[in-house]
Amino acid sequence: MQYTETLSVASHERNQFIDVTPEVNLVVARSGIREGMCYLYVPHTTAGITVNENADPSVPQDILERLSILAPREGRYRHTEGNADAHIKATLVGVSQTVPVSGGKLLLGTWQGVFFCEFDGPRRRKLVVRVVGEGVG
Amino acid sequence: MQYTETLSVASHERNQFIDVTPEVNLVVARSGIREGMCYLYVPHTTAGITVNENADPSVPQDILERLSILAPREGRYRHTEGNADAHIKATLVGVSQTVPVSGGKLLLGTWQGVFFCEFDGPRRRKLVVRVVGEGVG
Amino acid sequence: MQYTETLSVASHERNQFIDVTPEVNLVVARSGIREGMCYLYVPHTTAGITVNENADPSVPQDILERLSILAPREGRYRHTEGNADAHIKATLVGVSQTVPVSGGKLLLGTWQGVFFCEFDGPRRRKLVVRVVGEGVG
């Protein structure tokens, strides 16, 4: 059994972590799958996806600021579109995440949330959510 | 066919790579699955999971030391719990890994092992191991 | 339904991104699977796999150069084989990627390609491609 939805995510800053946990859990609920895997895939080259703390909003801020130290916007890059930093961040963070589904929802730890990671916004983005597993039936 | 176990992992240092390859292979064996995928998932926000060399113990040490240069403990962070560095490392390394299973065990390369990555220990941690695939039949 | 092939990848430089998108899509085609997941797995400890832009060749160059700033070859490492930097890069980039398959091919974004990431070449490498899902029926 597999079920797929493509979510639309709007970013409002150049660098932004957007908590998409509720939206992804709704897709899992609509899938009817109780036990399985949830695959999150970002079909972009200047954005990523991560799982980290969503209790204290300063955590995503700290991660974003550190990423901008590791891959500064103003660096010596060959790519001439001015977003080489965003491509680098996409590879460091990654464009796919795989989270187990149990009891019909994401098997996240107490403090975990799923973040869409914008590195070259503001833009309208897509997030592919595919759920594979066994339903109630 | 799917099979899940949650392993308990005890760390003894603040930053530590713990080779969990034997424990994960035992879960794969208990699953009865011969061909499929093994999903490793860390339900924490200050730890991660990676696959790297487990022959020379200096390799994990070098990786940990470099991560502490990239995300130093004493940085200018907003998060006030003193572990912002650990959250950053969790996102750089990642909290999920997906390894093929073949012939009833992890399809690892000759020098590869699976490491639970502690970034804010010592603590008792969980590692979710889910094996999905086809059994002996 | 699952189908596996191990591709052979030859690198020609110490650090090199090799676009393997066409080869991986051929494996997906040969699998006969229309809807499912494609798991890419690198069974090496000094190489990785990523998804990023394959339109402008300067993007992979920029990523490689930045990785060499983050993990310089000449650093203070314990590992005595002279490739500690390559091990660090493998953990930063990761050795596995999971890409959805739709309509019988990788569900990549417009600008995305799959890159095998060599960090200690030149060498002959392996890339495990496993496709799991539903066929044409």
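Labels A, B and C are assigned to the chains in the order they are written; within every chain, residues are numbered from 1.
Going forward, contacts are C-beta pairs under 8 Å (C-beta built on N, C-alpha and C of every residue); 3 or more make two chains touch, one makes a residue touch a chain.
Since the structure is predicted, the reported quantities are computational estimates derived from the model, not experimental observations.
Trainee: Enter the angle, 0 to 180° in steps of 5, of the rotation superposing CA atoms of subunit B on those of subunit C.
Mentor: 120
Trainee: Over half of the interface residue numbers used by both subunit A and subunit B, so same, or under half, so different?
Mentor: Under half shared, hence different.
Trainee: Taking the mean of the C-alpha atoms as each chain's centre, how many Å separate subunit A from subunit B?
Mentor: 20
Trainee: Subunit C: which residues touch two or more other chains?
Mentor: Within subunit C, the residues that touch at least two other chains are 70, 92, 94, 98.
Trainee: Using the touch definition from the top, list the residues of subunit A that touch subunit B in their complex.
Mentor: So the residues of subunit A in touch with subunit B come to 35-37, 50-53, 56, 58-59, 61-63, 66, 70, 92-94, 97-100, 102, 107-112, 133-134.
Trainee: Flag every residue of subunit A that touches subunit C in the complex, lowest number first.
Mentor: So the residues of subunit A touching subunit C come out as 2, 4, 39, 41-45, 70-71, 75, 77-81, 84, 87-88, 90-92, 94-96, 98, 126, 128, 130, 132.
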